[in-house]
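In what comes next, chain A is part of two complexes: it sits with chain B in the first one and with chain C in the second one.
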Partner chain A sequence: MSLNTDRQSSGMSFGNLARRPEAGSFVGLVLVYAFFAIMGGAVFMGAPGWSSWLNIAAEVGIVALPVGLLMIAGELDISVGSVIPASQMTTAIVSGYFGLPVLLGIGCGLGVGLLVGFVNGYLVTRTTIPSLIITIGTMFAVMGLTLGFAVLIAGSTSVFLVPGPATKLILGTFLLGMFNVSIFWWVAFAVCVFYLLHVSPAGNWVFALGGDRESARNAGIPTSRLTIGLYMLSGFAAAFVGVLQLMTYQNAQVATGQSFIFNSIMCVVIGGVLLTGGSGSVIGIVIGTATFAIVNQGVFFSGLDPNVGSVIIGVLLLAAVLSNDGFRALALKYSTRKG
Partner chain B sequence: MSDKTPIIELRKVDKSFGPIDVLHEISLKVHEGEVLCLLGDNGAGKSTLIKTLAGVHAPTRGEILMDGNPVSFARPKDAQEAGIATVHQFGGTFPLMSIGRSFFAGVEPTKGFGPFRVYDRKKANEIAVKAVQDFGITRIDDGDRLVGGLSGGERQSLAIARAVHFGARVLILDEPTAALGVKQAAHVLRIVNEAKRRGLAVIFITHQVMHAMAVGDHFAVLIRGAIAADFRKGEKSREEIADLMAGGESMADLEANIEGYMETHEGHPPAPAR
Partner chain C sequence: MNFAKTFAATAVVACLSAGAYAQDIAVIAGSIEDGFFNLIKKGVDDATLMVEANGGTVNYLRTPNYDNFGPDLVTLINQAVAQGVDGIAIPVWVPEAEVPALKAAAEQGIVIMQYNAGQEVQGDLGAINYFGSDEYQAGYGGGVYLAENGAKHILCHIQVPGAINLETRCKGVTEGAESKGAKVTTLRVPANLDGDVTGTAEAIKSELIGDTSIDAVMNLAAWASDASANAVSQIGGKQMIGTFDMNPAVLERIQAGTQTMAIDQQPYLQGFLATSMLFAHLKFGTNISTNPVLTGPAIVDASNVESALAGVALGAR
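Let's look at the complex of A and B:
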């Protein structure tokens, strides 16, 4: 009992800042950047360093934002890992192999993402199967279909597409030879998702959905439509990353994208989103993504063994989850206190 | 009191799930500004009765009347729109959301227009805090605080204030004091009295005789899906009520009575004891 009260009083003294979901992740970001700034020196702190981690952050960040929304709503999406190759393969086949207009190809690629998202959302709302299992299932199904159709139609697991100058400029160019244009798309996605979650009334529904699905439904929130919409958003974002990669590297591969599954979830969790849903912020997700990318690239600049980078990411993840749990315990302590 | 039209009335409501009869000829009336305490052991059919009132289940036979007019609810939402609100033990609030956001979940106030309508945090917080303070919970003064930081009684009060704010006329409280300590429970009972004073019809489900005695005007004891006893405040002593609720001797008698009666009367329950 005395232990309990001690923890309560120390929790109160953190004040309002510590209650913000991104507080812990911001501290993590500062520490990680400082560490690699010292280890990597001027090169890491200059344009080459910034461009290298921003390029990584942009791609994973575009996927992490809607995945983060889903996690705040209490769901997971594993299928993003195979939507990325599926969309780029679709675009490459339509526009590269068949030579149809590139806009049509991009439309088809993004359509694949929306369709997979709809199927995910539909299955999650109509069955009692956990979304983790459903999206693992759709991930494998989409992966198999992508491979099958690529071989069947194009006769290869790798299809080329040379985009026109305008498409290349908007979707796949490196500014100053370093900064991928995807960084701007990441910022645009972040602004849109921030508006959705923190400014528009629908954001409240996402938090309510993750807080207590039953109460959310009782409060008149269209929970099924919202869930399906969030899955379609994450399918769309993954497909968009697929298109960006295709326009940058001009080559669609069936085997890209698997790393996005865990990387996106890690960015979100490092960013302070609760795995069980109900809490999180877009600023946190952006901070988590930046932290992840800085570790990922900082290792090369500091000349450390690449395995050290994995260790740091692993430790960061555990520290983030621990602080999330602490935060939740703090928030719930008073509600369950008896008399 | 009895010549006024009750806000909500049940007439011989039966509910069966397939071959299993759960509720038998339930007849109840709750008037404006009246608290009906629904007592009964686990499995007596209290939850089914509440869910029937809340539109989750449709009655198999019998009818539900509001203000004297028969009503039927296809979905819980219909019941809510008619003004029947159910507040469960943990209150339908979201622990990790702010008080303002939780209060307005699903009906967010907005400012601006068209696609640029944004969530009006200030207005939500102001209204939520005022609604809760009007119910006497003056400790809540900041709508940005997380619901999880409130006590159980305060959360319950927030949920009741929310239901009343959004136009509830019939308030169904499902064991609101069950998990609370003495002070917290007193909090909730005060809120119930305030709801009563405002003219709501309250159906209060509880296991605690003290809580029932503190707010109840009218008591109904449910045994095996039938109303075993139906009496008004002052018609029975505290000991008798406690005995009924605790499953003591008189409850055992009633139970045996009902079973025997139903066997010999083709499943019809006897008239409730007075």
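Let's look at the complex of A and C:
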């Protein structure tokens, strides 16, 4: 499989470096950090600045990792935007409103994510409808169900939950007062997804799926099971972020997740994942997420008009797509000349 | 043949009389995702019982979200007109879009009742009354309250830049605080942070770190003060926190002493009064001689948080 080149990091030649999917995004990260380090000064480079962008990056990053896997496999997942509030609300209703054990509540919340993921995956594999449309559909359905059940059961669109000290410590505390524990969860997710994509055999399947679904199936890859698994992972990750937010802010709202839809896709694209699938890397997604978060928070430390941040994000996104194409062309040219 | 004619005639008469005697009203409202509108809806639902007991109907129409706000509202107005309603209760958030559509509706004899927003266009529209809070007065009251309780430099956080009611609130906060010798900085964050608690918390945190003279934050939505409370606790600060509107977490913080106050505009009353008074006007010809009727600001702080919590438990506050 020629796509295997994406998984290997051999040698230090320019061609190999440029061919890596995260090469362009790493340059972007360095430029953006340098820019805001100059503008924001010591405060941005110190603990307050790092905690600010890491806290943002952690939450969107946990969602972006499996969304990135899906995009590498040639699919999209819009439903994460409503899985976050759905899991949050489920946990808050089970453990906050009904007062049942918090572990049960978290289990139900994460279960909602897995279930939505399963439905997404099942529909994507059993129909010919594009996954964009399917997950928009499930997003609205889940949003409606969340609202309906929240109002029906709790009589309100925001439900309150006070976590116990142990739960708070693991899922919703701030270390050194500033660094949200979600950062460590992000690292853990990144390590697991890295293993899945770049070490385990399933990783090859994901690339193959995004390269050519038909050939992948013919080659004996269980494409349906793999797709359903990826959607369940993305549902789980979104649900996990919902639980993290609930334990941090102690309040479940029905409309908290919408910003995650575009933000996660942007992180993945800035990280060099090819929109058409078949190429990308976990390191790239992590870099893309960090870049996104640095720009988002950097503007508040730099004294610039906060709207400048949105402009920079937009420009970065376009630059990422353009440079992906540029790097790809360069890399292909280089490798053909060599080979 | 004869039977058919009689039947048709009866049906026409029945339709006409239904149009003439059953007062049907439409209540147009904001997004279902917006917790605030659940409280409005609770008021509308309670008023609907009274309307239905008197032979009328209430159709509650809401925008799906706030992304395409003006056009969505006009679509709902036209939908209500097409359904042949006798009255419309509506907030005017986007006057440029809504006023022409509502005037066209009024020309067809539909009675307009305003609630929640758009008090300044009431004369132009010819709406029979306005139930809501005066944004400027509410902000002014909040600014005075924080300044009188010791704030010297207040950060007024706008979650959707350019929204007229939010800008007016912060203008009120600014002038209220300045009348008591305090200073106000307005923070307008990008609109994509609206509803994003973590993003907002980090944005407010960086402002508090960047300017240590800030000793109070005023938020314009309850969830945004969840974010402020988080920002203040992250930096171990002592900043006072105030907010417009409330949720259970806000009241819990007021009870625990980690939030100073909330400005309540009592949305239950807005939904309840706009619906019931519009219907009473159509059915019984009643008019309230107080115009506009202000449902806020009512300030909730440690002194009265218990009664507010009781209302929250019943879904009305």
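In this section, the second predicted complex is superposed on the first by the 312 of 339 C-alpha atoms of A that agree within 3 Å, B and C clash if a C-alpha of one lies under 4 Å from a C-alpha of the other, contacts with A are read in each partner's own complex, and residues count from 1 in each chain.
In this text, a residue touches a chain if its C-beta (ideal position, glycine included) is under 8 Å from a C-beta of that chain, and two chains touch if they have at least 3 such contacts.
Bear in mind the structure is a predicted one, so any value in this text is a computation, not a measurement.
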item: Partner chain(s) touched by A:Y122 [first = chain B, second = chain C, both, neither]; value: neither
item: Comparing the two partners chain B and chain C, which touches a greater set of residues in chain A; value: C
item: First (chain B), second (chain C), both or neither touched by A:S215; value: first
item: Touched partner set for A:F149, first chain B, second chain C, both or neither; value: neither
item: Contacts of A:S279 with chain B and chain C, given as first, second, both or neither; value: first
item: Of chain A, residues touching chain C in the complex; value: 43, 48-49, 51-53, 55-56, 59, 143, 147, 151, 155-160, 162, 174, 177-178, 180, 245, 248-251, 253-256, 258-259, 262-263, 296-297, 300-301, 303, 306-307, 309-310
item: Chain B residues within the chain A interface of the complex; value: 76-77, 80, 86, 92-97, 101-102, 104-108, 110, 117-119, 146-152, 155, 179-184
item: Chain C - residues contacting chain A, complex; value: 31-35, 38, 161, 187-190, 192-199, 201-203, 205-207, 209-210, 222-223, 226-227, 230, 233-236, 247-249, 252, 312, 314-315
item: Residues of chain A defined as touching chain B within the complex; value: 19, 199-201, 203-205, 207-208, 211-212, 215-216, 218-221, 274, 278-279, 328, 331-339
